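Note that subunit A is present in both complexes that follow, paired respectively with subunit B and with subunit C.
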Partner chain A sequence: MVASRSVLWLAVALIAWEALDRALHDSVLVAGPIAILGHLMDNAGLLARATAETARNAVLGFLWGNLAAAALAALVVVVPRLERVVSALALLLFSLPLIATGPILRVLFGPGNGPQVTLAALAVYYTTFLALLVGLRAVSQSWTDLMAIYGRGRWSTLLRIRARASLPYLVIGLQIAAPAAFLGAMIGEFTGAERGLGVLTLRAMRGLETEATWALAVLSAGTAMAAYGAIGWLGGRALGYVPVILLSASRPRASRSFAARLIEAAGIALLVVALWQVAMDAFDLNRFFAKRPGDVLTFLATPANRQTLLAALGETIAFTIPGYVAGLVMGAGLAALLVLSPPLERATMPIAVALRAVPIIATAPLLVLAFGRGFTGTMVIVAVMIFFPTLVACLQGLRQAPGQIVDLFGLYSASRWHLLRSVRIPAMLPAFFASARMAVPAALLAVTTAEWLATGRGIGVLMAMTASTSDYNMLWSCVAALGLVAAAFFAAVALVERAVLARYAPEQLA
Partner chain B sequence: MARPVALDTGGAAIRCEAVTKSFGKVAAVASITVTLAAGRTTALVGPSGCGKSTILRMIAGLEAPDSGTILLGSDPPKAVARRGGLAMAFQDPSLLPWRDVRANVALGAELARKPADAVDTLIELVGLGGFAGHRPAELSGGMRQRAAIARSLVSAPEILLLDEPFGAVDAMTRSRLNAELPPLWRDRGTTAVLVTHSVEEAVVLSDRVLVLSDRPARIVADIAIDLAPDQRGHDTQAVRALAQDVFSTLELKD
Partner chain C sequence: MTLPAHLNRRFFLQTSAAGFATAAATGLPASAANLQPVTFQLSWLHSVQFGGSYIAQRKGYWEEAGLDVSLSQGGPNAPVEPPVVSGTALAGISAADYTAAAVAQGAPFKIILVAMQKNPFAIASLSENPVNVPGDLVGKRIGMAVANTPVLQALCTLNDIDIDAIEIVPTQYDPAPLVSGQVDCLLCWETDLPVAMAVNGVDATTMLMADHGYALHSQTYIATEDAIANRRSELVSLLRGEVQGWNDYFADTDAAAALTLEMFPDAGLNLEAQQLQAERQVPLMTSELTEANGFGWWTDETVAANIETLALLGRDVSPDLWDRSLLEEVHG
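Then we have the complex of A and B:
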C-alpha cells in the first residue's frame, strides 16, 4: 500500500519533471529524466569507472573517519575529564570547510587519492562521534553500579555494556555518515584529482553541459542515498529498532562565568596553534608548502595581504548569513505549520528525514544553473543545505511538547495557534538551536564550495587561486581565518541561544 | 528436574566502624557503628532520604565513607567485589535488554568470574522456568525482578545487597515475591542487607531490623525478628505485632 503509493508519487514527479524540461525547451537549466537516462546510458562505462573511484575513496574515508570517531568517543567516555577539550577540537576541525582543507591536503599529499579519503573521513567523524557519545551514555546508573559491584572498572563497562548499548546510535551515525563520506570524496575531487565523479562534475559545469551536470548530480545523490538507505535497512534488521536522536554539539554549560569561558577558549586556541606547529614539525614537512603558525602571522603582518584576505572573507560572510538565516527560518517555520496538521506532518517527516541526508553539494551545480552564479544562487545553496536538517530537528522538537499540557489546552478548547505559541514553540526551541549550531559548519561548507565551483567571489575562490598559483602563505592564512570565523560564528549562535532560552525555556539552561 | 547445585556461600559478617558520609554540605550518615551477623538478613528502614541507600552503597563499595571503616569479613568492600563476593539487586531490575533471561542471569556469574552451572537451576527456582529464552521487554515487572534476583544469586555471593528490589512492583506481586524469593538466600547462609520503605516487608524478610533516624542517619532502634518460617507472611499476627514495634520507633514527620 505504502510502497505502491510511493511508486505513484515517483511516477508523477518524473512526468512533471519531464514536462518542465519540454516546456523550457532549449534551456540550459533543466535536463529531463529521459535526457538524463540517455546520458547515463551513452556514458555508462565512463560513469561506472568514475562512480567506482569516488565510492572507493568514500568507503576508505568512511572506515577511517568512523574508526576515529569510535576511538574519540570511547576515550571521552572512559576519561570524562577530556571531554571538553576533545569535543572543542573535534568541532573546530569539523567546522573548517572541506573545501578549505582540501587544497592543504592536496599540497601535503601530492597527487593520488589521499586528500579524497581524508576529506571523506573528515566529513563523517564528527556526526558519528556525537551519535556514539549519546549512545555510549545511554546506560542507566544501575548498570554501571552492577559492574562496580563485581569489581569491574570503566573499560569492562565500556566493552560489555556501553559498546552494546550504543549500537542503535552507531547505526544512526553510520547512516548519516554514508552520504557525507561520498560528499567528502567528491569535494576532494573538486580540489584537484584525476578521476572520479567530482572531476566529471567540474568538467560538465565548466562546459555548460546541462545534461551531463544533471546526470552526474542524480548519479552521485542517488549513490549516496542508496548507501544511506542500505545502512538504515541493515541496522534496522540487525537491531530491531533505531531510536530517533538529534545530533548536535553539546551546549556550552551556563553555570560557567564569561571569564572562565574566555580563558577556556584561549586555552583551546593555544592548543590548536601548538598542535598545528607540532604536526608540521613531527612529519618534517617542507616549509615551502607546509606553513607554520609563525609563517601565517608574518604573512598577515603585511597590510596588502591582510586586506586581500579580509575583503574576500567579508564577501563570504555577507553571502553566508542571509542564506543561514533563511534556511533556519524556513525549516522552523515549515515545521511549525506542519504540526498544525498532523496528517500532513506524518506524510512529510519520512521525506524530510531522507532529504536531510542528500549531499546538497552534489546538487549545488544544479542550483547554480537555476539561480545563477551571484548572490541568489549562493544564498539558495546555503539555505537548502540548512533547511532539511532544521525541519527534521524542529519537527522532533515540536513533538516534545508534554502530552498532558497539550491535553490541558484541549480541555479548555484553546486554539491551535495559542497552543503553538504557548507550548509547542517553547518546547521546540532547544531542538531549533541544536540545529542552528550544527548549521554553522554546514553553511560555511556550502558557501565556500559554491564560491569555489561557481561564483568566483569570496574566500572560496581566493583559496582556489592561491592553490593553483602556489601562494601557500595565503592558502594557510585563509584556512586559519576560516577556522576563526567558524569559532566566532558558533560562539555567536551559542550566545543568542543562551539569551533566548533564558527568556523562554530557562529549565533548559539548568 | 533441576540438578542440585552448591549455592551455600558461607557469608561474611559486615562490620561498620564509626562510618560517616556527607554530600557537599549535606550530612547523609552520622557516625554509625554496627556489626551485621554472617548468614543473616538485616533490614534498614527509615524515613525517605534518610541515608539508608547511602549506607548500602558504602557497604557495596560504590561510595567511599568520609571517615570510619567498613569490613566485609576481614576485607574492604572493593577487595570482596574484585573476587566476585558481592552481588546486588536494585529497584530497577537493570537487565540488559539485548540479552535473554538465561544470558542475563549468566551475567552475574560471568562478571564475578564464577562458573555458570547454577543458571538453569536458579531460573527454575525463581519461577521463570518457561522464560529462559525471553528478552526483558517480553516479561512483566515481577518477572524481571525475579530474573534480577536470580542474577544476584548465581555467583553464590558472600554478601547480597538488596536496594528496594521489590519497590517497583505492585502490592500483590510484591507479597508473592516476598514469600517465594527470600528463602533462596536465607536458606543458603548468605549475609544479606535489605533497604526497604515497607516496614512489613522488612519484618517478613529479615532477622533484624535497624531503624534509622532522619538525615543524618543514626541507628535509633535495633529490633530482632525471631520468627519461624511459617510465621513469615504479610498477614500473620506475629508480623503485624513486630511491624507495630518498628513503626513506633520511626520518626515520621509527615
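Then we have the complex of A and C:
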C-alpha cells in the first residue's frame, strides 16, 4: 500500500516536471525527464565509465575519511585533554578552501586520482568526527561508573560501552558522509582530473548541453541516494537499538580562569602556525603558491592589503551569520516536521540528498534565477549547501527520545506537539549542537562560493581573483582569516552548547 | 601514436636485425628508455584548443626529438603556474596577463612561444540585441567573472567608454545566463561559449576585443628561467614538436577535432562543437607574422603593443618577459 502510493507520487512528480519543461519550452535551464532519459540512454557507456570513476574515488575517500574520523574521535574520548587541540586542527583543516588546496594537491600527487580521493576524505572526516564524538559520549553515567568500580580503564570503556552507544550516531555520520564523499570526489576533479562526472558537468554547462547537465545531476543524486539508503538500511539492521534514558548527574563545572583559556588558545594558535610552516617545508612546496605564515604576516603588515582583506571579510561575515542561521533553521525545522509526518520524510529525503550531492555550480544557476543575486539568493545558496547534515543529525536526534518516556506520553494521550516539545527536542539537543558545529566551517565556505557565483563580493571573490593574478599572498591571508573567523565562531557555538547541554545532556561534557 | 614501449622492445628483441631495419626505417626510437619524460601543463580541460599538441603526440613528433611528453589537463582549480614553478611541469600554457602577474609575484617565468597572436576574449551577445562595437556596451548588462573586471576596464579605456555605464552581473562561465535573458552579453572566449551557442542553434554575435585595441598575447607557453638555462634542449624539442603539430593542425582542422575525440573518449566532447572550435581558433593563431616566420612567432612591435595593454591592466612589464631564443632555434 505504502509502496504503491509512493510510486503514484513519483509518477505525479515526473509528469509535473515534464509539463514544466514543456511549458518553459526552449529553456536552457531545465530539461524534462524524457529528454534526460534519452540522454542517459544515448551516452550510457560514457556516463557509466564516468560514474564508476567518480564513485571509486568517493568510496576510497569515504573509507579514509571515516577511518580518520573514528581514530580522532576515539583519541579524544580516551584522552579528553586533547579535545580542544584535535577539534581545532580538524576544524581548520576542514576550513581550507579548494582554491588553496587544489594546486597543492595536484603538485603533490601529480596526475591520477590522489586529489579526488583526498578531497572526498576531507569532505567527510569532519562531520563523522563530530557525530561520532557525541555518540561515544551518549552513555549513561551509571555504566561508566560501573566500569570504574570494576577497575576497567578508559580503553575498555571505549570498546565495551561507548563504541556500542555510538552506533546510531555513527550511522548519522556515515549517512551525512555518503553524498559528501561523492560531491568531494566530483569537486576534486576540478583540479585537473581527466575523467569523471565532475569533468563532464563542467563541460556540459559550458557547452549549453542542458540535457547532459541534468542527466549528470540525476546520476550524481541517484548514486548518492543509493549510498545514503544503503547505509541507513544496514544501520537499521545492525542496530536494533532502542534509545534508553541517559540520566546523568550534572557535574560541578570545572570553571577555568579567563587567563587559562587565553593561554590555551594561544598555545593552539602557535601549534597551528608551526604545523602550517613545517608541513609546507616537509613537502618542499614552492613558496610561490604555498605561502608560509611569515609570508602572510609580511603581506598583512602593509596597511592597504590589510584593509582590502578586512573589508572583504566584513562583507563575508555579514552574509555568513544569517546564512548559518538559515541553514540550521531549515535543517532542524525540516527534521521536526518530518518526525511529525513520516510520509513527508519519504518524499523529502531524496530531494535533500540530491541537493547535497549535486555540485553547487550546477544548481546555483537555477537558484539564482529563482531567488536573485541579492540577499535572498545568497541565503538560499548557503542554506542549500549546509542544511543537510543538520537535517540528518536532528532527525536521528529526535528519534533518540527514550522509549519509556515516549510510552508514558502515549499512555496519557499527549499530543504529538507536546511529545516533540518536551521529549524529542531535548533528546535531539546533542545531535543538534554537533550539527551546529559542523555548519560553522561549512557556512563560511558556502558563503565564499555564493559570493563567487552570485554576488561578486567578499572573500570569495578575493580568492577567485588569485586564479588570474597569482596573488597567493592574498589567498593565504584569506585562508588564515577564514580559519580565525571559523575558530571564533566555533568557540561561540560551543559556549552556548555547554550552557544548554549542562542542563539537558551533561554526559556530553567531558 | 607508435606502439606501446614494451611491444616495441619485444618486437625489437625478437626480430633482431630485421627489427633494427624496421625501427630505423620508420624513425622509431630503438628503446623507450632513451626518451626523456616531460610534462606539459595545459591551461584547461582537454579539447581541440590543444589540437596541435595532440597531433604532435599521436604522430610521434616528440618521440623523434627524444621526448616522452605527458599532457597534463587543467581545470577550474588547476592553475598552470604552480606546477611550472615547481618544476613538475617543464612548460605550461598561460596568457601574457597571467604570466605578468605571476612574475610580479616572484615567479621566474619567460614567454617562449605565442600560440594565439590575437587575444580570444570577446563580447558575445544575441543577434537580436547585438554588441557589434564597444559603444554598444553602454547600458547593457554583462555577465562575467568579477575577477575579469580589469579586462573590461581595459577595453573601456581603449575605447573611451565609461565602465560605470555597464552593469556587471557576476555569473559563472556558462552561456545559459545570456540565452535565458538574465544578461545582454557575456565576456568570454571567442572559441568556447559562442561555439556552444552556435551548435545549439542560438543566433549569437561576437565582438573580438582584439579588434578594438585589446592587444594581448594568449595561449602563451611559459617556462622558468631555470628550465631555459638547464633543460634547454628539452624545451627546444618540445617547441619543435608543437610547431610541427600545429602546422598539421592548420592543414586539416577537422582531422584535429576527430583526433581529439578519439584520444579522449571519456571527456564528453561533441564532434560538431570541436570542429567549429578548431576552425574558429585558426584566425587567432595565424597572422602575416606567423606566415612569414612560423608558428608561435612575435616581434618587438607586438611586444610593445602588449606592454601598452598590460599597463592598462595595471601591469608594468619589460620586454624581457618574452624570450624568443628557443623558438629561433626551432625555426632557424
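Assume the second predicted complex is superposed on the first by the 259 of 510 C-alpha atoms of A that agree within 3 Å, B and C clash if a C-alpha of one lies under 4 Å from a C-alpha of the other, contacts with A are read in each partner's own complex, and residues count from 1 in each chain.
One rule holds in what follows: contacts are C-beta pairs under 8 Å (C-beta built on N, C-alpha and C of every residue); 3 or more make two chains touch, one makes a residue touch a chain.
Predicted model, so just to flag it, every value in this text is computed and none were measured.
*Asks:* Contacts for A:S470 in the overlay, against subunit B (first) and subunit C (second): which applies, first, second, both or neither?
*Replies:* A:S470 contacts subunit C only, not subunit B.
*Asks:* What is the contact status of A:R152 with respect to subunit B (first) and subunit C (second): first, second, both, or neither?
*Replies:* After superposition on chain A, A:R152 lies in contact with subunit B alone.
*Asks:* By the touch definition at the top of the document, which applies to A:R164: first (subunit B), second (subunit C), both, or neither?
*Replies:* first
*Asks:* Contacts for A:L482 in the overlay, against subunit B (first) and subunit C (second): which applies, first, second, both or neither?
*Replies:* neither
*Asks:* For A:A454 in the superposed arrangement: first (subunit B), second (subunit C), both or neither?
*Replies:* second
*Asks:* Can you tell me whether subunit B or subunit C touches more residues on subunit A?
*Replies:* Looking at subunit A, the partner in contact with more of its residues is C.
*Asks:* One more residue to check, A:V440. First (subunit B), second (subunit C), both or neither?
*Replies:* Neither subunit B nor subunit C is touched by A:V440.
*Asks:* Per the definitions at the top, what is the overlap between the subunit A residues touching subunit B and those touching subunit C?
*Replies:* none
*Asks:* How about subunit B: which of its residues touch subunit A in the complex?
*Replies:* Going by the criterion above, the answer is residues 60-62, 78, 81-84, 86-88, 90, 92, 94, 96, 98, 108, 111-112, 155, 161.
*Asks:* List the residues on subunit A that touch subunit C in their complex, please.
*Replies:* 27-29, 43, 46, 49-50, 53, 98-99, 102-104, 106-107, 110-111, 187, 189-195, 199-200, 202-210, 212, 285-289, 361, 364-365, 368-369, 373, 452-457, 461, 464-465, 467-473
*Asks:* Name, in rising order, each residue of subunit C that touches subunit A in their complex.
*Replies:* Those residues of subunit C that touch subunit A are 45-46, 70, 72-79, 81-83, 85-86, 88, 97-98, 101-102, 104-107, 145-148, 168-170, 172-177, 179-180, 182, 192-193, 196-197, 199-200, 202, 264-270, 273.
*Asks:* Considering only the defined contacts, which subunit A positions touch subunit B in the complex?
*Replies:* Within the complex, subunit A touches subunit B at residues 140, 142-143, 145-152, 160-161, 164.
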